[in-house]
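Have a look at these structures, which come just after this line.
Next come two complexes built around chain A: one with chain B, the other with chain C.
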Partner chain A sequence: MANYTFKGGIHIPNPYPVERPEIKQAPLPEQAVLLLQQRVGGEAKPCVEIGERVLTGQIIAQTTGSLPTNVHASISGVISAIEKRPIPHPSGIDAMCIVIDSDGKDEWANIKRCDKDFLNCSAEEVTQQIREAGIVGMGGAGFPTHAKITNAEGAHTLIVNATECEPGIMCDDSLMQEYPREIVRGIEVLMHACGAKKAIIAIEDDKPEALNSLLMYNFNDRISVEQIPTKYTSGAEKLLIKTLLGVEIPPGAYASEHGILCQNVGTVKAIYDAVIDSKPLISRVVTVTGSAVKSPRNYEARLGTSFATVVKYSEPNDQEHHIRMGGMMMGVDIPNPDYSICKITNCIFVNNKESKPVVKECIRCSSCATVCPANLLPQQLYWHAKSENIKKALDYHLMDCIECGCCNYVCPSNIPLAEYFTFAKALDRKLKFEEQKTDQSRERFEFREYRLERNKKERAEMMAAKKKALKEKMAKDKEKNQEQEDKIAQAMARVKKSKEDNA
Partner chain B sequence: MHSTGLNTNQIMRQVIYALILGVGASYVFFGWGVLLQIVLGVLSALVVESVFVALRGRNVMDSITDGSAVLTAILLAISIPTIAPWWIVVVGVAFAIVFGKQLYGGLGNNPFNPAMLGYAFLLISYPLQMTTWPVDFLSFSQAVDEVFNLLNFDGISGATRLDDVKTSLSLGSDIATLQVRSISQAWINIGFLAGGVYLLARKIIFWHIPVAVLSGILVMALLISMFDSQQHLPVQNHLILGGTMLGAFFIATDPVSASTTPKGRLIYGFLIGVLIVIIRAYGGYPDGVAFAVLLMNMTVPLIDYYTQPKAFGRS
Partner chain C sequence: MIESVVIFSALTLILGLILGYAAIRFKVEGNPLVDQIDSILPQTQCGQCDYPGCRPYAEALAKGEAQINQCPPGGQEGADALAELLDVETLELNAEHGETKPDHVVYVDEKLCIGCTLCIQACPVDAFVGSSKVMTTVIAKECTGCDLCIPVCPVDCIYTNELKPTLGTYVPDLKELARG
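Coming up: the complex of A and B.
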């Protein structure tokens, strides 16, 4: 058991528990809609054309940006569209997607296998393989894994996050029960890539089966399995590090600066697939749960499969549904089940539509402050966020809010506090941007003024110099003229004189 | 869901239930007047709240079912003399709800404790009616007669207990006899203390404020008894007389107008305790709870700002 803990957090039992979270293979989708924009990093550029036939595992889009994430065809078939589609994002925006119509054959592309054992590859080569496979953080953050590994160069500890960050999600639990060998092997690959000397797998104490199966397959004494108390938000990276190692990483700093690399257990499995099995990231395990489904379950589904396809197998009732991607706390509400599974879709909640609870005024009971894992005062933040007093909100450490939603959960007045904080942060970004823009244009204006002034001055100086030169020249010329006139006068005088002499 | 699993309305209701013991004790000693004032107060609160919420164009049902108006009315009603004329409580509750709460934007937006604002208003405006307490138990008809001024019979009323004590002390009375006369006050305080403990046990209030208020009272009373040669109320009596327990557990803990940080609550509560004793000892009013709470309400934004807890990862 870990020795440390953090203040706040809440114990929320799985609202829809199942006997044993099994993984079912979802059938191949008839159409896969693959998202080009990951949660972090630029948009991938398609390298296929409409009408082209692609094979499973083939790279269909890649980026050249700083955090590139390749996108692979998750099924074989024909590209039918490259266009904007609605994506599961809180803003409800559309983004570029590649649509593949399946040919039902699932023919795999010829993927170059690494013929060496990973231990004979350099760390860079392994990281490159991870990068090629298009792996991102599978716990929901979606940060490109290879970038995280590169940043954590020289890390001493690898933490494998197997806490299953939010209540209701079971995909990591089932992965650990079904693929313990692969996960341990994946951890070894990851340790090799980042150079960590030890690894800790952190499992919450409500998953004894997953713990046992990992213990059974872990023969590496550099890898330890630690049980931590089941408490929501212990899956948040910094809080997990605090729980395991007692280290508090300040806001704005990264775990890598402390020699720690944190990876989700699902990511580790994807790394195993990529490096050992040479399979790029084309599928993932998704939990389908909620009050409207009869059998909450996990599915291994190809990326791009529509939510509706997998939800169907969990026997939803015929009532109107409320669909949410991700956990019940931090997930994103989705208007309809036509959205498709992307790399970070760990869970699909299908709930019966319920009327929203009445929101009352904040009575400053401070229940939220008691559960806030960042140890903030949400009741004060709310007050300032509501009145859009961003400066005051920043004084109360608005930016330290991890938007975990613990405050929403305990609020007796049902206030969606975390949403206010997300809004306030966005407002701050906007204000900062505008301020920057005004600063820039002011600077531009001031520089222009300065430039004009300078030009004027320079011109004046130049003119003055010219004038002076001219004056001097004129003076000189006058002198010269005088001289000449004198000479002429002298000559004339001479002539006159000689004339007089002659006469 | 609150850490107690209650919503805002249920929390308000729990606080109201917790008042029952103290109110019961008041009834035992003062009779029907207590209940009569509460009924009058609650009815006027509902009327005033409904009218004002309707004027502000908000949902009336949402507002009156949240229980805050009723709670304000009860707190005010049990603070005023049980034989005060009927219009006292009506005016006080109306002032508390309109000027103490609705004008600031309703529940949650008021910087002052509405009940105490109403009380202070009444005490300043109607000092005579606000300090005349019955000496004996009043039957229902006696109470009705008094409150509605149907029959002008005197001889059942006396000064406020603490006022009485103060006057007697200055006249050189024996403290021992005073203590016997204070038994009713002590029982009422014990009733509110019990209710407060219930609220603590249900985690509806935090321990910080009541503990800090009581320690503030204790420390200040000790200091005064040590350094001031004038005869004052004995230290222990400060804890069981007047509005001490009601103030410490029900008034100062009103979350809307109190400090909300753990450290801030301790400072806030402690200073309320100190002010209560200072007002009792040197002020012109018999009890200091209302003024102490209102004065400290003003300092809450400042206290909250400077007592923020250390955020995760910050030093």
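Coming up: the complex of A and C.
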């Protein structure tokens, strides 16, 4: 059991518990819609064309930016479209996607295997394999894993985040029960890649089966399994580090600066698949749960499978549904099930449609401050966010908010506090960008004015110089002419004189 | 009696010297109010205010020669901010100076461009790249959306492109939040 804890947080039991979280293989989708823009990093550029036949595992889009993530075909078939499609994001903005129509064969591309055991590969080679496989943080943040490993070079401790603290989600729980051997092996790969001397798997104490199955397969004495108390937001990286090691990472700093690398357990399984089995990230485990489904269950689905396809197998009722991607606390509400599973889709909530609770005024009860795991004063931040006073909100450490939603959960007035903070952060980003742009425009305008003035002056100077040169030349010419005339006059005089002498 | 006269004359002299030095050393170049106004203006440099740029408009405002409602790109919010700074009653945006358009940049249809360079000369922030008789293009990052290049183009090959929010620039709607 961990020795430390953190202030705040809330305990919510799984609202839709199941006897044993199993993983069901979802059938191959007829069509896969693959998102090119990951949550972090730039948009990948397609390297295939419409009408081209692709094989499962083939790279279909790549990025060259600072945080590149490859996108692989998740099924074999023909590319039917490369276009903007709605994506699971609160904005409802469309983003570029590649659509593959399945040929039903699931024919795999010939993926280059590493012929050496990973222990004989250098850390860079292993990281490169992880990068090629297009792996991102599978817990929901979606940060490119290879970049995180590179940043944490020389780390002493690897923390495997298996807390799965958001109530309702059970994909990691089932993963640990079904693939404990692969997870332990994946941790060994990751330790080799980042050079960590020890690894800690952190599991909340409401998952004893997962703990037992890992303990049964863990023969590596550098890997320990730790149980931590079940409390929501224990899975937030900085809080998890504090719970396990008692180390507090200050705001603005990263865990990597303290020699700690945190990875989600799902990511570790993906790393196992990539490095040991040479399989890129083309599928993931998704939990389908909620008040409207009869059998909450986990599905291993190919990326790009539509939500509706997997939801169908959990027997939803006929009523109108309210669908949410991600956990009940930090997830995103989406209007309909015509969205597709992407690399960060860990859970799909299908709830019966209920009218939203009425938002009332803040009564300053400060329940939110009690539960805030980031030690903030949400009730104060709320006023400043609401009045768009970003400077003041920043003074109240807006940027330390992890948007966990604990404050929303306890608010007796049903105020969506976390959404207000998301708004304030976005507004701050926008204002900073605009300020940068106006400064740049001002500078360029002033430089242009200066340039025009300078050109005018230079032109005037050039003209003056030309005039002066011309004048001098004319004076010189005049002198020369004078000389000539003088010579002629002298000659004339000489002629005249000799004529007179002769006469 | 003589002593006090000497003391006070000396004091006057010393203080006078200090004041004189301070006046030179800490001299404020230009009008600081102009800078404050200029920092509120959107720096579109479109000239719709009838002044040849944002800074000249700021100077006119500081002198009291212009009204605060002459800047369409700044919108009503800009006029309100100016009113607050100058401590005057806010005015509704003057429609004579044009209407507030959504954020946009221009782009050149490069197939039609004849390389006349008129747009390059019209651009107040040098956002065009091109030369005589070669194709011209816009550096979108530097375009302010002032639209000054559009009327000068002889072949009408400059179009506007509205800046839609992207995943990186999206800001949620505050009113929606209040509704719950």
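The rule we apply is simple: the second predicted complex is superposed on the first by the 440 of 503 C-alpha atoms of A that agree within 3 Å, B and C clash if a C-alpha of one lies under 4 Å from a C-alpha of the other, contacts with A are read in each partner's own complex, and residues count from 1 in each chain.
In this section, a residue touches a chain if its C-beta (ideal position, glycine included) is under 8 Å from a C-beta of that chain, and two chains touch if they have at least 3 such contacts.
Being a predicted model, the structure only gives us computed values, none of them experimental.
Enquirer: Using the touch definition from the top, say if A:K473 reaches chain B (first), chain C (second), both or neither.
Expert: neither
Enquirer: Applying the document's definition of touch, where does A:I249 land relative to chain B and chain C: first, second, both, or neither?
Expert: first
Enquirer: Once chain A of both complexes is superposed, is A:S91 in touch with chain B (first), chain C (second), both, or neither?
Expert: second
Enquirer: A:L427 contacts which: chain B (first), chain C (second), both, neither?
Expert: second
Enquirer: Between chain B (first) and chain C (second), which, if any, makes contact with A:V371: first, second, both or neither?
Expert: A:V371: touches chain B, not chain C.
Enquirer: A:R442 contacts which: chain B (first), chain C (second), both, neither?
Expert: Touch status of A:R442: second partner only.
Enquirer: Looking at A:H397 after the superposition, I want to know if it touches chain B, chain C, both of them or none. Which is it: first, second, both, neither?
Expert: It touches chain B, and chain C stays clear.
Enquirer: When the two structures are overlaid on chain A, which partner does A:K238 contact: first (chain B), second (chain C), both, or neither?
Expert: In the superposed model, A:K238 contacts chain B only, not chain C.
Enquirer: Quick one: is A:V358 in contact with chain B, with chain C, with both, or with neither? Answer first, second, both or neither.
Expert: In the superposed model, A:V358 contacts both chain B and chain C.
Enquirer: After overlaying the two complexes on chain A, where does the chain B footprint on chain A coincide with the chain C footprint?
Expert: Residues 358, 414 of chain A touch both chain B and chain C.
Enquirer: Provide the residue numbers of chain A that touch chain C in the complex, in ascending order.
Expert: Contacts found on chain A: 37, 89-91, 93, 95, 356-359, 386, 388, 414, 416, 419-420, 422-423, 426-427, 429-430, 433, 437-442, 444-449, 451.
Enquirer: For the complex, which residues does chain A have touching chain B?
Expert: My answer: residues 6-7, 238-239, 242, 248-251, 253, 358, 360-367, 369-371, 373-377, 379-380, 395-397, 400, 409-414.
Enquirer: Quick one: in the complex, what on chain C touches chain A?
Expert: Residues of chain C touching chain A: 38, 42-45, 53-55, 124-127, 142, 144, 164-172, 174, 177-180.
Enquirer: Would you pull the chain B residues touching chain A in the complex into a rising list?
Expert: Against chain A, chain B makes touches at 1-3, 6-11, 62, 66, 68, 106-109, 206, 255-256, 258, 260-261, 304-305, 308-315.
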